[in-house]
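Chain IDs A, B and C follow the sequence of writing; residue 1 opens each chain.
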Amino acid sequence: MPIDFELSAEQKELQELARRFARDVMAPRAAAADHSGEFPEDVYREAWKLGLMNLNVATEYGGSGLGELDQCLITEELAAACGGMTTSISANCLALQPINIAGTSEQKERFLKPFCSDYHLASFALTEPGGGSDVAGMKTTIRREGDEYVVNGEKVFITNAPHASLYTLFATLDPALRHKGITALVVPRNTPGITPGKDEDKMGHRASSTSSLTFENVRVPVANRLGAEGEGFKIAMNTLDSTRTPIGALATGIARAALDHAAKYSLQRTSFGKPIAEHQAIAIKLADMVQKVDAARLLVWRSAWLADQGKPVPLESSIAKCFASDIAMEVCNEAIQVFGGYGYMREYPVEKLLRDAKLTQIYEGSNEIQRLVIAKELLKRVA
Amino acid sequence: MDILVCVKQVPDPETKLRVSPSGKTFDSDGVKFTINNTYDEATVEEALRMKEEFGFSALRVISVGPARAEEALRSALAMGADEAVLIETPRDMPLDPLLVARYLAAAATDIPHDLIMVGRQAQDDEAGAVGSALGEYLGLPSYSFVTELTPVPANHLLKMKRYVEGGEEVFSAPFPAVLSILKGSKDPRTPTLPNILKARKKPLKKIPVMDLEAKVANLPGGTRPTSETLAFTLPPPRAGAKMIEFQTPEEAADRLLKVLKEEAKVL
Amino acid sequence: MTLNCLVITDQRSGVLSASSLEAISEARRLVVKAGGGAVAIGLIGSGLSPVVEAVKGQGVQRIFLVDHADLKGFSASAYAQAAVRMVEKLPAPVAVLMPDTALGRELAPRLGARLGAATVTAVVEIVPSSLGGLDVKRKVFGGKATETVHTPSPVVMSLRPNSFAIESSSGGSPSVESVELGELPVHAKGLSVEKVISTRGDTPELTEAAIVVSGGRGLKAPENFVLVENLAKVLGAAVGSSRAVVDAGWRPASYQVGQTGKIIAPQLYIACGISGAIQHLVGITNSRCIVAINKDPAAPIFKIADYGLAGDALTILPALTRLVSQSKGLPDPR
């Protein structure tokens, strides 16, 4: 049996845990947090207590050491309740991954363990005002002074930045060196000279917190450097390779929620004397939506499964992320249409899903960048 | 001092019920089963409290059901139970609550138990019959609808409250005993992700039903169900309200109460 | 074919429960339907003389009595032993009926297990089968489905309260027979109840209540909402509302039933002055029985309700409340 789509009993349990948490803790708060833009940190603490954060930290440092597929199963369940909260909950996986990848065992001991013994948030600080996709063009600089680096510059769109106690920061020894100058540092929040900006007022993912971070003569011990000088670019790319597929799972979760709401509503709502589900115009929409959600999930699972086999997945992860986020937009859009006028109202849950879905096309590598990667990989294979 | 908790895997309460092709039960194809019956979760939580606060040593969970019932047991292990036993039945084996109790009794003779705890009833068949029947088969006292439980282990005594219509009775009684738990003192804990992973490594023993048949045959009722399910039916879809005609408000009230009592049987 | 019925009554509170009268009435009907046989009442407890008097006029043939100091508090083991002694006195086929109270629910399986008998709890309908034995119905899955079970003799059944009509009896002068209890196992002797705490009067949770009474804008003014609450009080029901009532500030958001409020599935839902916007209907479709009271006979609520009263909730509610409190012997809250 070369292919097996059956989840293990253990995976079903993890999925059930996430589903319950999503249904009982996240979902009841989703609408209110979306309206107010509050940061529901009690929900995140609860997620931490259940072990739903830091999924990728190895067991020897107190984490669960889950593979990508397990992470994706959990992420889809959480995202079906609230995409914004899921982004904040999974931000630690992104921020801690550079330490998993490039940290020494001493660094892992020092930085990862506290996250597993207590609730803390961490942020991945890569994107700059000058542009997110052009990583090699970053302007935040580091200068070595004795056994310290001095950091100066600004990062933007940093998830959980004002609430985090630790940053994994990417900065350059010299912008002229392009990607060869980029170096990764672990920076505790309480280091003098760090100022988070005000919370951005976002279109969606409003339960998540996003802000800029400025670094003004911030002194970081050399002992906090991940890998060698100039290895930062590779560390960042490897990190994004491993978190890209879970973003596909997050988008799939949002799309699934939209489909679920639309299908249920279509059985309740009647027009012309019968449930609107019995009108072909609606039935066909639903049929298209379910195909897309299914396809997205399968692409996500394939990419995650391959990664768990230790295979490089630049093509598969980009396909999964790009496809799932694109269909999330389409499915949410159609869900609103199924709801008609009610779908446009804030009282009903589907317009939020559309706003949340939009970000998944943009963050962690825009879909334009994903397509470039996909095309490049394709052409490499036929050349 | 050991505790044995009996659990049952039941369909997700939100599952859409369909009648099976035989017409005798619900269609389990494509039904999502919850990890556990809610009343059983409350019972496992209460049993954990017995262990944590009153010095009971081992907590074992047991279930009668097909292979998938292992999921319910794993969930109880993830909550904190130490060991599990699955009395594994063929998928469509006909069972009634008392036959389940006989299999549990047969298995329990080889499992140490000072306290046996069950949830007040399963959410699917709502029979609530296993607890006191199990007490009978094992020759133990049973106490049902327990709402508060404080053991005095030194005297082998349980101080309890139990539900009665309109109130609660406060009483003390000896154990070993079988208790059916109406509600626990705490909300059941959700198994954490690390505990789910740890539960995989806890012992889970599977006993095929046939291994227990000789013992069950010696109990009154034997190895067959004593009743036979003829039909499982769903109410017809709502056809619109039956309008009740009336002249005065008093007449309206009188006629409504009458149909609710005699026809709808909800009062 | 004949059938002999033994009805084990519940007089735990000191008086015979109404559900016991239902079981006696049903036993009398069953014997007639089965084509003959006797009905015996089995009284188990301590200090039962007043109850013996109360059941004498119930139109039954025999009364069995196990009146013993060790049976003062309810022990299923001890009561089952007493019941077995009674069953032994009846010729087959035998059906044992008891109310599905806390006592009956625990005693029926214990007795069934001891007798090796078919045992069915929470029964809502009993029909003698043409093949012999009984066909018994019970509700499963929170009332969402019905199971029909065929039982041979002997059978032990607990009857769900409020499911069987109480019929006044034809009198009769039954024999009162004292039955020997025999030696009880040590654990079953003299279970003593220290005290009974009454919990009546608590309002149930909206999502857990068996009955929910809800009010909508059809009540016209906030001060009329008390009519809904009065009915709920006498029914032991929870109180809900439509979204319009919450939006108008008559009641807090915690009352709201519907898509953006609470999704509920009670046995009985009574919607008063609620027209039935889809967002409300989504929250109540899993109710077992829905009653709608609304002035507008074309209101959408009547499409999904089981029973409808096209009339003014403001006049029907007080009448309902009065009637329910009379039938329960409660003072009218108004």
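Remarks
The criterion applied here is as follows: a contact is a pair of C-beta atoms (placed from the backbone, for glycine too) under 8 Å apart; a residue touches a chain by one contact, two chains touch by 3 or more.
All figures in this text were calculated on a predicted structure; none of them were measured in a lab.
Viewed as a network of touching protein chains, the structure reduces to a complete graph with every chain in contact with every other. For the pairs B-C and A-C, the count of C-beta pairs in contact is higher at B-C. Nearest to the common centre of all protein CA atoms is the CA centroid of chain B. Per-chain CA centroids place chain A at a distance of 41 Å from chain B. One inter-chain figure worth recording: chain B and chain C are separated by 21 Å, centre to centre, where each centre is the mean of the chain's CA atoms.
If you average the CA atoms of chain A and of chain C, the two centres end up 53 Å from each other. Chain B contributes residues 11, 13, 17, 26, 96-98, 101, 123-133, 135-137, 139-142, 144-145, 161-174, 177, 180, 219-222, 226-235, 238, 240-244, 246, 248-250, 252-254, 256-257, 259-262, 264-267 to its touches with chain C in the complex.
Contact residues of chain C toward chain B in the complex are 12-13, 17, 73, 75-77, 80, 101-103, 105-110, 112-122, 124, 135-136, 138-142, 144-152, 155, 162-163, 165, 185, 187-188, 191-200, 211, 235, 267-268, 288-292, 297, 302-312, 315-316, 318-320, 322-324, 327.
Interface of chain B with chain A (complex): residues 35, 70-71, 74-75, 78, 190-197, 199-200. Contact residues on chain A toward chain C in their complex (touch as defined above): 31, 268-269, 347-348.
On chain C, the positions that touch chain A within their shared complex are 259-260, 278-279, 281-282, 285.
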